[in-house]
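Same chain, two partners: chain A is paired with chain B first, then with chain C.
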Partner chain A sequence: MEHIVFGIGITALTGALATVAGSAEDTESNIGSQGDPNSQVQLAPQMGFLHRIFNKAVAGEPPAYGLWCALGAGLAWAFMAMQVNAILAIVLGCILAVFVQGVYATTAYLGRTASLAKFGQPVYVDIIKSMTTVTMAHAFIAIFCTVALCQLINGALGHPFPLPLLALIWGVALGAAGSATGNPYYGKERQYQNQKFGAGVPISASGNIVRYAEAGERNSIDNGFFTHKIGGSASGVCFGLIVFLELWRTILFERIYAGWGAIAVGVLMILIFTVIDRYIEVWARKNYGPYTVAKEADA
Partner chain B sequence: MSAVAAKPTAGGAVNPAAMAVGVVMLIIILGLTYTISPGMGVMALIGIVIGGVMIGFGTHFVPVGGAPAAMGQAPGIATGVAMLAAGAGLAGLFGGAWAAELGIVVAVVTGGIGGGLMMAITCMMVNFVYVFGMGIPAASGKVLHDPITGDSQAEYKSQGTEGHGLPFVSFVGGVIGGILAGAGGTLIYIELLGLYEATFPTLMSATPAQVLPVAVSVAGMFAVALFLVNAVLTAYNITGTIEGPHDPKFKRWPRAIVASAVASALCGFVAILIVAI
Partner chain C sequence: MSVKIEVIAGGVPHDKIMIAGLVSTLVCIYLTYLNAFTNTEVFSFFGGLAVVAALIWGSHTIKVLCSYGIGTGVPSAGMIAFGSGVIAMLLATKFGMLAPIVAVVLAAVIGLILGYVSNNILNMKIPAMVQALTEMAVVGALTVMGFAAMITGGFTFTGLTTSTASFLGFPITSYANSFLGGGLIAVAFLLGAIAIQHPFNACLGPGWKQDRMLMLTAECGFLSMIVAAVMSFALISAGSALISLLVAIIGWAYTYSQFFEMSKRDAAAWLDSKPIPDTEGQ
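Here is the complex of A and B:
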């Protein structure tokens, strides 16, 4: 019983860490413009729309976070092998990993933006100075939380995988959940804030991203501030739910019927999420209604 | 040309000669494995090939919209095919590896459910953001009616787009893809773990308890690597975006099955070589 209570406490803590990690990951990727919407940031100068948006999408979010989290965890693991206190070791490992992220962000921005020179897009040095550190700060939060939750899974819950491998797995999952949930909000709601609310961006509008703010030109920190409210929070909830429910069903139900208990609970949770998803879909169809009448659409 | 404008040729056009070459390569690799490790090695390789094929086939179910989905221009999840499948499958592998001591059947099913649960949560949150964050209902661009619910789709597509969000069939496809990918990844891990647990003690002149962490780590790394190989290979077969099992591109799966089998066999052969020589 004590073991289960301890496990539930650790599970709750990992869920909380994962929620913060997911939120920070999405905000970092939006400030750095690393997700799929960056295709528009790259396209805009080619369509004649010069901008001051950061641009570091030389790798997708999942492999990038897989690398940074594995790096942070590997270094933390090495520090722990040198008898450094676990918390200090994780902090030091993550700091070093964030430096790699900073180098990646700087070289990616310079490389991607320089490739647009023929379209007249300048490389802004002040953007590197002001944005890179902000993405690094958010990346540190995301990497630290992920490595910390992996250490809890490994050390306290006894998962067989070593810390760096766990961090690689959950880093990729973090990037996948964060980009899947957060990208549409950044791409549609923020970059195309000038388009109609409640409809997708027409393909003909591609590249015409919003470039001006209330005062002066829009920058990427504004984007992070805006997207964090819904996109970042939703990404956090998504990754938090994934980590929490995966651990929760294992800790509580794995001993029932030699593992089949956890499987049955997993199936039940998938069915619950299916019902919620269907409810959301039907709710939208009823409340928002069709864009055109059915007859025209079928024709 | 954007990914949306690049219409798929749809077909599951299969090149019989290439398929035959693939099958011959698979048989050659199996034969080579038989020569160096007739019993355990061949059985492990067969498990790895089955796992790889499950990952490759499962990835076709995952609804991925890529960059156009991020602007609400196309349905699906706004990220890459390989990465989303890898995220789901690795989450499954995490659960499956934990349950490894409970036997291969429980571990593989646990891995599958872990992957399916990750995809169910992710797909639900994608629709949540589309509907409550952006005010956009789900609509498919490839079919007039959802094959599962029968809901009409065309009139829910906003002007100038291919559709948006995740219609119910895409959600179900995502969950099936996560289940297959998670189960396949776990099967590869279990097969390699069994092989390494049996061979490492002799190879390293150590007790089984001493080699267990090394066996777990090496098997885990090979499982992750094989995962990425198969997911990326399938992404090339899909070329960009896919809506799920109702998408015409889904018919291309036979090509990916053969390619995944050959690639998994080759990678698995290398994984077996490190203990067989």
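Here is the complex of A and C:
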């Protein structure tokens, strides 16, 4: 019993860490226009729409976060092997991982923009200075929380995988959660606020992203500020739920039928979520979909 | 059948880069074997240089492959390079001194099979696919081996799976505290996989320049070498790790500043806190 109570406590803690990580990850990737919104930011100058949006496409979010988290964990593991205190080791590891992330971000922006010289897109030095540091700060929170939760899974729950391997798996999951949950809010809504809601991106509007703000020209920090409210929170809840439910079912049911209990509960949870997702999708289409005839038009 | 949408205009031909990359990577990996002869670990940094050489070759291969309109496939090209390479590398470490050569041969065979499957069974029909996947598997295997040699001081299976630590004055053998047991191979895998795809992914576009992309590859290689050198403090002597770290920092600082210069050279304009230019084609 004591073992289960302890396990549930750790599970709650990892779930909380994962929620913070998911939220920070989505905001970081939105400020850097990473993931699927990137293609439109990249395309805009080619269609004649020059902009001041930060564009750091290192890779898709899952592989990129796989690297940042595995790197932070690998360095933390190395510091711990050198007898450094675990908390200090994780902080130091994450600082170095964030340094790598920041360097990759600057080279991605410079490389992409320099290759678009033909269309007149200038390199903005102030964007490199101001946006890179903001993404690094968010990335630090995301990486630190992920590596810390991996350390809890490894140290407190006794998971057999070494820390860097666990961080790789959860880093990829973190990137996938942020990419799948938060990105559509930036890529489909924020970039296309000038289009009809729910209309998708018609070919004629390709590259015509919103480039001007309420006052002056929009930059990526505005995008991070905007998307953090809903996209960031949704990503946080998504990743937090993934981590929490995964560990919760393992802790509670792994002793039933030598582990098969946990697997059965996992399958059951997937089925329940499929039903919920389908219900929400149908409900949303019925209420917000653009493909039905408007009622006023009938009269 | 995909259509090639870009041509490699000017610059060093790919075959030359491939041969130079293969030879210099193998030479650098073998130079780490001086550790075994001299019974030290000071030559470990050659593993990092092998990584840089292999990545330069590999990123140019990705450029050749992805010129066939595989825009979104650039990061996945890096993943398949290392996914296929790591198998060959792990098996090859069982062959002692012959490990790098065996890794090249095994990886080439795996890459060849994957290329055949992609082109003939999945019907991708991309002309450069078979050769590119073969090259990338070899690059992946050699890069992970370079990281292994740099972090542990050697590339034999025993060296990668065991380490000796002293406990209460007695030397004890630890399996958990090693390159494989500690999961550092996962870090090496992703360090290489992101570093190999990033240069072309970042520099693609109408203004692509070979020298700028390859300088960025060298920068990514040295950047990965910096963090690998920090990790190597846990497994090799502090002095040897320090040499790796110094070499990496010097190489990174030079290539990073050069990349900035080249981006400045190629960019349409280099502005600081200026509005969007008026010359828009709206």
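In this section, the second predicted complex is superposed on the first by the 285 of 299 C-alpha atoms of A that agree within 3 Å, B and C clash if a C-alpha of one lies under 4 Å from a C-alpha of the other, contacts with A are read in each partner's own complex, and residues count from 1 in each chain.
To be clear about the criterion, contacts are C-beta pairs under 8 Å (C-beta built on N, C-alpha and C of every residue); 3 or more make two chains touch, one makes a residue touch a chain.
Here the structure is a predicted model, which means the values were calculated and not measured.
S.K.: First (chain B), second (chain C), both or neither: which does A:5 touch?
M.R.: Once the two structures are laid over each other on A, A:5 reaches no partner at all.
S.K.: Given the touch rule stated above, what does A:63 touch, chain B (first), chain C (second), both, or neither?
M.R.: Both: A:63 reaches chain B and chain C.
S.K.: Mind working out whether A:87 is in touch with chain B, chain C, both or neither, as first, second, both or neither?
M.R.: neither
S.K.: Where does A:78 make contact in the superposed view: on chain B (first), on chain C (second), on both, or on neither?
M.R.: Once the two structures are laid over each other on A, A:78 reaches chain C alone.
S.K.: Contact-wise, after the overlay, does A:213 reach chain B, chain C, both or neither (first, second, both, neither)?
M.R.: Neither: A:213 stays clear of chain B and chain C.
S.K.: Would you sort A:256 into first (chain B), second (chain C), both or neither based on which partner it touches?
M.R.: Touch partners of A:256: none, neither chain B nor chain C.
S.K.: First (chain B), second (chain C), both or neither: which does A:163 touch?
M.R.: Only chain C; A:163 stays clear of chain B.
S.K.: Which partner reaches more residues of chain A, chain B or chain C?
M.R.: Of chain B and chain C, the partner in contact with more residues of chain A is B.
S.K.: Following superposition on chain A, which residues of chain A contact chain B and also contact chain C?
M.R.: On chain A, the residues that contact chain B in one structure and chain C in the other are 60, 63, 161-162, 165-166, 168.
S.K.: Quick one: which bits of chain B touch chain A in the complex? Just the residue numbers, please.
M.R.: Listed in rising order, the residues of chain B that touch chain A are 2, 4-5, 66-73, 77-80, 83-84, 86-88, 90-91, 93-95, 97-100, 102-103, 106-107, 109-110, 113-114, 116-118, 120-138, 144, 149, 151-152, 154-168, 171-172, 175, 213, 216-217, 220-221, 224.
S.K.: Of all residues in chain A, which touch chain B in the complex?
M.R.: Those in contact with chain B are residues 35-37, 39-40, 60-63, 159-162, 165-166, 168-170, 172-173, 175-177, 179-189, 191-192, 197-206, 230-231, 234-235, 237-238, 241-242, 245-246, 249-250, 254, 258-260, 262-263, 266-267, 269-270, 273-274, 276-278, 280-281, 283-285, 288, 290-294, 296-298.
S.K.: Please name which positions on chain A make contact with chain C in the complex.
M.R.: Against chain C, chain A makes touches at 42, 48-52, 57-60, 63-64, 66-67, 70-71, 73-75, 77-79, 81-82, 96-97, 100, 103-104, 107-108, 110-126, 161-166, 168, 211, 217.
S.K.: Which part of chain C faces chain A closely enough to touch in the complex?
M.R.: Those residues of chain C that touch chain A are 75, 78-79, 176-177, 181-184, 186-187, 190-191, 193-194, 197-199, 201-209, 212-213, 216, 219-220, 223-224, 227, 230-235, 256, 259-260, 262-264, 266-277, 279-282.
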